């Protein structure tokens, strides 16, 4: 419980490139937050931030900012390889932190941040925005209520013509979302992964990746992510013995469809399928990012762990590391070790 | 060249279960063909055939049929494990043969049939219907003309709530279509495959399968097939450096979409994407099955090999065998040996 | 009750142009019916019929057919202006009759046929195929159960790039379907109509028509039909105070969508809308034409009036006549007189 | 030419209800504009404006604002019946004005404003946002280039579950958009209109309206607008003898589709249709409202008339007045008199 939090969370955003401006704008608009500073090394980006947020202090480094003003929280929106140092500095200085995904690209550094945050009484949240969406909440409630029956498979496609990340494969940019959704709605993580990837001739890392995830029973998952598709697809299917739910994020008014369908064994031991009604539930209009920020603030107040905590992110990173390893071997099955998480 | 073929191809259909009635009806309606007999062991199915095709002779076995009437051709629409014996008998008796896919489930038996057909001067065609569709023809012409540029990737999804095959995995039922399309439009076959699968708890074989196919350059392919999805999806993407083509077989009036889009390297060595117009070409209305049957007849007349020849099918079977082996090992990369094909 | 009907209804089809072959094929396949003859004046069309239905007698005129063979029923699939004479001849000769829509293009001749059929103990059915579809049955049951609440409006769009009828406007070709659906699902007919139309410069009659239908309360309906649209649209909306149902005939797997939505008055007398879940019910797979033919046979057996009886068709023709009159005046409101129906 | 305009247009927004906040936000963000004041009678809305735009002066009336600060322009976003007085006051005080549609609800008052603006050297623009969209620009260029051929018909559907306007029918709220698009892309206005409407039992004015518009040749148009549909539809079709263009505003990535299709007369004087490719052109990403505001500023600088000038709005109002009159008579054809425009 952070007693120093009163009405407003004084928040700085470090990194004003692609995602930073988005966070800065939201923080400046959501009540309970104050955009107290923007931090970026680039003079050009400082100028843009200055124009968008007149009156907000601008700094070149986090150290400068901490020295100059009072801060309660930091949003880290810089390139992935800088996350560790920035988050560490913030935590050591007693700030609550939101880090853009992925937290880091290996388990040890992620674990170190998670532990450091606990030791310093700071909330450390990873920005897995999807897990705060009403669509994912709806899927989770279908699982928890037993409406889907026993889970059979999860299949997710997340492809578009995307910005190639210069220093990581598409796994770390896109599959991280699918794993966060999978973790949130099923409460489970895979025991092993086989992954394959494809490269564009002009790029260094895989621009398309295909993961098959194995669990400790017959439940299985598949994830198809790519920066190469001119069609933007965001479709996630979770199928159970009773019902199947489809999440299509490209259909703003009909994100969720629940199919009353399943595969069943009849008397004669043959498999039969059953296909019934489809329900498109009305979802509340709340925005995921607002929900996420409010949840962050709530966790600070109550001293509790966020849904997208650093330790839940560590499990995802362990899976991504294993997937990257499998991908580099051409699909070899890699066991995932969560014992250190 | 089959001189005995005059105006009409006297054709029998063996197997009157799911696919047989469909073929029998088409053969009875397409000019140049005569439905000369239906062959099925089951009295019930014989009765149904008799009602649908009054006057057409019905037999229990192929031997009976061959003994009793004059035949030029046989369509084999029986369960997969019977294909080899039936096709062999037909060829030995000098009949031209169409076999439902897959031809057989291993390379040696498929090769034996291919060689036997050549030795006996018979046309042996595998029913890869898709390769005779106007949509696939259109994709092929985009590749051949260079409109797509150099090929980057192929990604195909073929899922629905399907009849579980009792004795083979979904690979042999569905992925065979994607491989036939891939082979037809690119003229290439993979050098290695990594495959993974998922099982339904009540079934013996994989009901979902995911293949990644590697080639002798950076071109790659992915195939996702399943009998478990309440949504029926039939989407195939072929992407090149200049354009990308999408084949969606569930949109009867707009099966093909050509995206003027690509990923390009700019001066500064960064990758950029370009997204332009989309073209939905008008396709001719011809039916694939009619085109296929006319092609079969044409090959008999001219003595040439059909597009979906037994030897092209052998390459597909070699790939499926390797994929099945990889799938059973959890994704281990398996090299594909075409030297025997 | 027609005692002479035993197991099979001996049925002739007159008119083997566009719709006739479709009916002939269905009649030859549905049990309980026998295709006993095809009648057409054109030698070319006789030849086609002969090839499609080997063994079936072919005649040039209905009189020839009646003289030569035993018939129980006649399907009239000739141009509209010939319906009256052909149906009359059939009824006078004791045949049960199905007539393609529209029955005729004026109330008096339609009434004469309706009365003649009653006098001769014949079933006279108009081929309003839609009213026998599972989708329309579903809408009707939503109305009858009160699920929709009180009816607010009906809005139907039926446009495509169509064959121009040489002797009637699009009203008689397409709007007839919407009126048949409206009549079936609501059990109501309009009291007045205002209609407008548009012509193609090369055609004599209206190729697009827009109808607004008024009833004896605030319920209203609008129908938009056209032969000029390159997009084929078949969408019918029926909205009530509680729910709204959408029938989209171009979506074979999701023809019906039920919106839990409505407009309501709140305390402060302001209107508010409410938008909730959407349900896509699973519809039975039965084909409308088969249901229609079985219903025809059932009516003959039991001596009852068909759903799409001649007298229900007369109401539709009265509405179309009024609409045509209004359309020719540029939208003048025309009262519809059903007193003669 | 307004010499006093230097770098920034000092702009006030009057009316901070539904549309006002939207305009205020845009004005505060687009360079070349300064949000100099918000004006609203309601203390509650003043408070909201104050929170959203800290530092911006808030006033209760336009007179107060004019007295207190320097202004160059006013955006009128109040209820329709107040437009006339507010715009007049602004113009008399030398301000350039943007008025929310409709300008007024009758021709004389609209004309008076148009004339007053000219007399005072002010730019008076009506906020017909659609005419500044890239989609409408694309349609206009297809017409102007002759690609569509001669125009055949225009058909627009604009329905949703909408806020009922308390003092006008849906015509003035929604059909005004379709008329503005029609005017912009064809450069033509109808000579006569027949309109029909439907009421909700709890509302005073028509909540659904159907217009058929006649021109001085065979070209015709139909508009279907409603506040009663749970499905939101925004579809406009413009069909020519050579091609047809479809504008579907609900498909953000594929707003425009160009059908290479038409109806043609063949040698034998029969009408035939032709259906070819479909093209989905890539549209520029510019936002309509930004384009509109930049155009407003440009007109002020150059002293020219805006595309959505008061005088073009007068033609639309004349049409809407005629349509309202026709609607109240049940569809009677009303000639439209533009002589006063």
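So that you can tell them apart, the chains are marked A, B, C and D in the order they are listed, and the count of residues begins at 1 in each.
As a convention for this text, a contact is a pair of C-beta atoms (placed from the backbone, for glycine too) under 8 Å apart; a residue touches a chain by one contact, two chains touch by 3 or more.
Given the structure is predicted, the values throughout are model-derived calculations rather than measurements.
Think of each touching pair as a link: the shortest run of links from subunit A to subunit D has 2 of them. Note on A-C: its contact pairs, compared by residue number with those of A-B, C-D or B-D, agree for more than half at B-D. Our note on geometry: subunit A versus subunit B, Cα centroid distance of 40 Å, whole angstroms. Distance between subunit B and subunit D, defined via averaged C-alpha coordinates, is recorded as 54 Å. Contacts with at least two other chains are made by residues 275 of subunit D.
Residues of subunit D touching subunit B in their complex: 254, 260, 275-282.
By the touch criterion given at the top, residues 150, 152-153, 155, 157, 161-164, 166, 192, 194-203, 207-208, 210, 212, 214, 218, 220, 222, 224, 226-231, 237, 239, 244, 246, 259, 261, 263-265, 270-271, 273, 275, 326, 329-333 of subunit B touch subunit A in their complex.
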